[in-house]
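Input: a single structure, listed below in structure tokens.
Naming follows writing order (A, B and C), and every chain is counted from residue 1.
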Amino acid sequence: MATMTYLQAISSALRDELRADERVFVMGEDIGAFGGAFKVTDGFFEEFGPDRVMDTPLAESAIVGTAIGAAVVGMRPVCEMQFSDFISCGFDQLVNVAAKMHYRQRLAVPITVRLPSGGGFSGGPFHSQNPEAWFMHSPGIKVVAPSTAEDAKGLLHTAIHDPNPVCFMEHKHLYRRIKGEVPEGIYETPMTARVARPGSDLVVVAYGAMVHVALEATEDVDGASIEVLDLRSLVPLDEEAILDSVARCSKVVIVDEANCTCAAGAQVAALIAERAFEDLDGPVVRVATPDVPIPFSPPLEQAVLPSVERVREACRDLLAN
Amino acid sequence: MPQMGVSVAEGTIVSWAKQIGDPVQADETICEISTDKIDTEVPAPVSGVVAEILVDVGTTVEVGVVLARVATGTPPTAVAPVSSASALANGTPTRRYSPVVQRIAAEHGIDLSAVAGTGRGGRVRKQDVLAFVQAPPEPPMHIESPYRPDPLPAAGSGQLSRMRRQIGAHMKRSLETAATCTTWIEADMTRVQAARARLGVTALSFVAGAVISALREHPQLNATLEGDRYAQHADINLGIAVSLGEDGLIVPVIHGAHELSVEGLAARIRDLATRARSRQLAPDEVRGGTFTITNPGQYGSIMATPIINQPQVAILDLEAIVKRPVVVTDAEGNDSIAIRAMTVLGLSWDHRALDGALSAQFLASVKGVLESV
Amino acid sequence: MATETAEPAVGPTGYLDLEDRIWLLRAMLLMRGIEERAMSLYRQGKVPGSFYDGFGQEAVSAGAAFAMAPEDRLCILHRDLAAHVIRGVTPVRILAQYMGRDAGITRGRDGNVHFGDAHLGCVGMVSMLPDMMLVATGMAMAFKLRGEPRCALTWFGDGSTSRGDFHEAMNWAGVQRLPVIFVLENNQYAYSTPLDKQFAVDPVERAAAYGFAGVTVDGNDVEAMFEATRAARARAIAGQGPTLIEAVTMRMHGHAAHDDMKYVPREQVELWRKRDPIDRQDTRLRELGVDVEALRAEVQTEIDAATEQALTSPMPDPVDAVDGVFAVGEAEPLGDGLAPWSGFAAGGAVS
């Protein structure tokens, strides 16, 4: 075990894969000699060379499209979007070519697309988005969103080993803020949910950075026993884990950093309404970013992103109900 | 004045919960009334401000008389007589329950109106119903006995309450009407004590079960006698005397008791007792009894002569269960002294309707069931 | 590198023996025969959805695909049925595919020519054109990374040259000098849009701007198509980068079965009818003494039998509709296709 930041854990996973499997290569804008916009691939160029740490033209559709081509002839490309926001330029290749390939012609597309996402640091409308729900709505793509260093490394290994396109949502705000013990070497974290803290009076369902918001918000809400369920994977969604938490706790708060409408949490809420109705002891409550672009100025941004206070207040209110 | 049951013609205002000028929410209690069937709260039919009170406390008026008017912002609305008794009987404010609360209640056969809510606005939460399941309130069961000690003078002297007067009249009428005899039998409750601990129910539930079984065997006791008109009943509607503390007592009835298991009886007894204490019984729930059980034993008394609940022909009294040395005989006929949980069951019966032999056989049946639980 | 733009049309060469030349005619006859049969089935209501064909363009896919080795990889467009035939997809599976049968290549998941047999080294197209240019570019990138002497090829139309993915693929392939062949199938119309509304400059000239060769070919001469592709492949294998081949041809039917093509001048159609690619190869082979009638009869018999078999094959089971969205287990990469050209039978690509 070694203590690593979330970012170091991601780097570690990539480095271990590049060392272990010659089919693996990483590609993206400015990831070579420069080491990437967030320095995830810092030092890779020196160790693995320009072919396996590939600087690409500024062309997101081409990054995804060529990754698909390489994957179907036996490679294991790992693409980096410099910011998850830019995946919109590669959206067509991902949702039309990659996602539908196996269903149409039983041809697996083992690509991993790393998507540095999320806000909280004045990135503004084009560097702060959480686009995971776009891909949840495209059958054929898996979507994972780790919240801890250990899961970041383990889920990245799982994603690279998976025979399907996987969107790896890595939260920029966690890169250097979150540290944790990370096992040595290559290990796979399953695409299932994780109970971040057990409880019995209420469960907060979250993923990514919101897991930390949820944990802090519910450390002590009038002494109630509050569970935090870290989804870790959005596709596949660990429905049984969600239903299990709801059956025990009966009160649910779902937190999304993404815009509220049709976010991952909306699917969780729908699942609970459909399959856990008789376990509920109150309305399913959602805390999410309202349906606005993420604003730049700090007071505006803080006003829209789910905060510790908002989550705590939502829990307190539901507990009293 | 709401119609509290088909036969009720009049009612008396016991108190006003709201005064003129007070805001009142729909379904909130506005006054308390007393009829010869039941005492109950009257919920306001609309939200608004109490504009007029037309009937004073203590005054008896006919059903249908306007009691008060509530101003809703638009012209004042009368606190209209509620035409359906059941609308009131279902408890005062309309309570809505979350899905999980309803599911738990259904699984445990709980009447949710008996569960106290600790949520916002008194909402029954999951933890409330779970607590109710785990530790159901033990309702005190009391005998309607003329030997109850008089209220202490220090508790206040003065005119008897309406309920006390009604109980007194009822008891006196019974003694004047029936040829009351009392017969006792001793029963070994050791097995019952073990079973009740296992099931988490009261001994009373087992006695109720045994009485139902014995009534099946001796239907002559599941009967009413009015004048010369003696009627045996197919259904067993079991009355259970419930103490309301200093206020008096009431006998809610478990209709169709013969269809219930011991656990089912326990749940119904719990439910009726709780609602009796919170004055939420429907008129139908206090009438139609065919046999009554009373249970003063929890205070340690070992024997009583209960008064028959008219027009029934018998009443069974369950006394304290106490450990005593008892001679027991084993299968080979060897006698020994053992410590057993014993009780005395008393049956007051109406000699007009039946004779001593039958009452003794009935008691023997009850004893037999209890000792072979 | 030196770029060749607008090179004069390349003529027949000595790389094809008589068997090869018969094979090329056979592939085109199969394409036309299968498509005519499918059109007839469409009119009988046995082909659901819409129907697209490549009538008049058979030489483009037949000639290009014939130059590709088994280990090469292809992304095939909707007017290129001959490429599937050459790679080894049987007529019965193609007809079953049109009819949405379980025996079709996509088992009813996708319609008409939206298919590619992964086991034969082919990837099916998507409707967003020219998305497959990037996929082919990525394949070539992998070949180059691994130092393998292979290449990737894809077809796309004149309309596709207007989209961003055309630029991204051309640029990327040029920057990395990838072994990829882009076949621009210029059939004069993108649906109803003529060339002068699609681009201001012949797109073959753009190749130079991206740093590689651009070649214009008579797309109705199957042997010229073969030769241009063979040469492009030789350059690719030699590390000389991509080639853009502009195959000039004519779409002789509407965009789809429902399109009566009123927007195309009658004279233009008549002109191109005289250039029919099948007639051209037919004439060549007759002059060489080949019994073309027997070949035609043989192809027709094969299609008749395939039709019968496809018509009696079952529809997919509705319970399977939700199966196969995700791959399970180890990803299986594309397999090798057939490559009937005698140059490969000789033991490797001839360059």
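Miscellaneous remarks
Everything below uses one rule, namely that a residue touches a chain if its C-beta (ideal position, glycine included) is under 8 Å from a C-beta of that chain, and two chains touch if they have at least 3 such contacts.
For clarity, every value in this text was computed on a predicted model and none was experimentally measured.
Taken as a contact graph, with one node per protein chain and an edge wherever two chains touch, the assembly forms an open path, each chain linked only to its neighbours along a line.
The chain closest to the protein's centre is A, with centres computed as averages of CA atoms.
Centre-to-centre, using mean CA coordinates, chain A is 60 Å away from chain B. Put simply, the C-alpha centre of chain A and that of chain C have 40 angstrom between them.
Chain B and chain C have centres, each the mean of its CA atoms, that are 89 Å apart.
In chain B, no position touches at least two other chains. Contact residues on chain C toward chain A in their complex (touch as defined above): 73, 105-106, 109-110, 114-118, 123-124, 126-128, 131-143, 145, 152, 164-165, 168-169, 171-172, 175, 324-334.
Per the touch definition, chain A reaches chain B in the complex via residues 201, 250-251, 277-282, 320-321.
Residue ranges of chain A in contact with chain C, taken from their complex: 25, 51-52, 56-57, 59, 61-62, 64-75, 77, 92-93, 96-97, 100-110, 139-140, 142, 163-164. Listed in rising order, the residues of chain B touching chain A in the complex are 98-103, 119-120, 123, 125-127.
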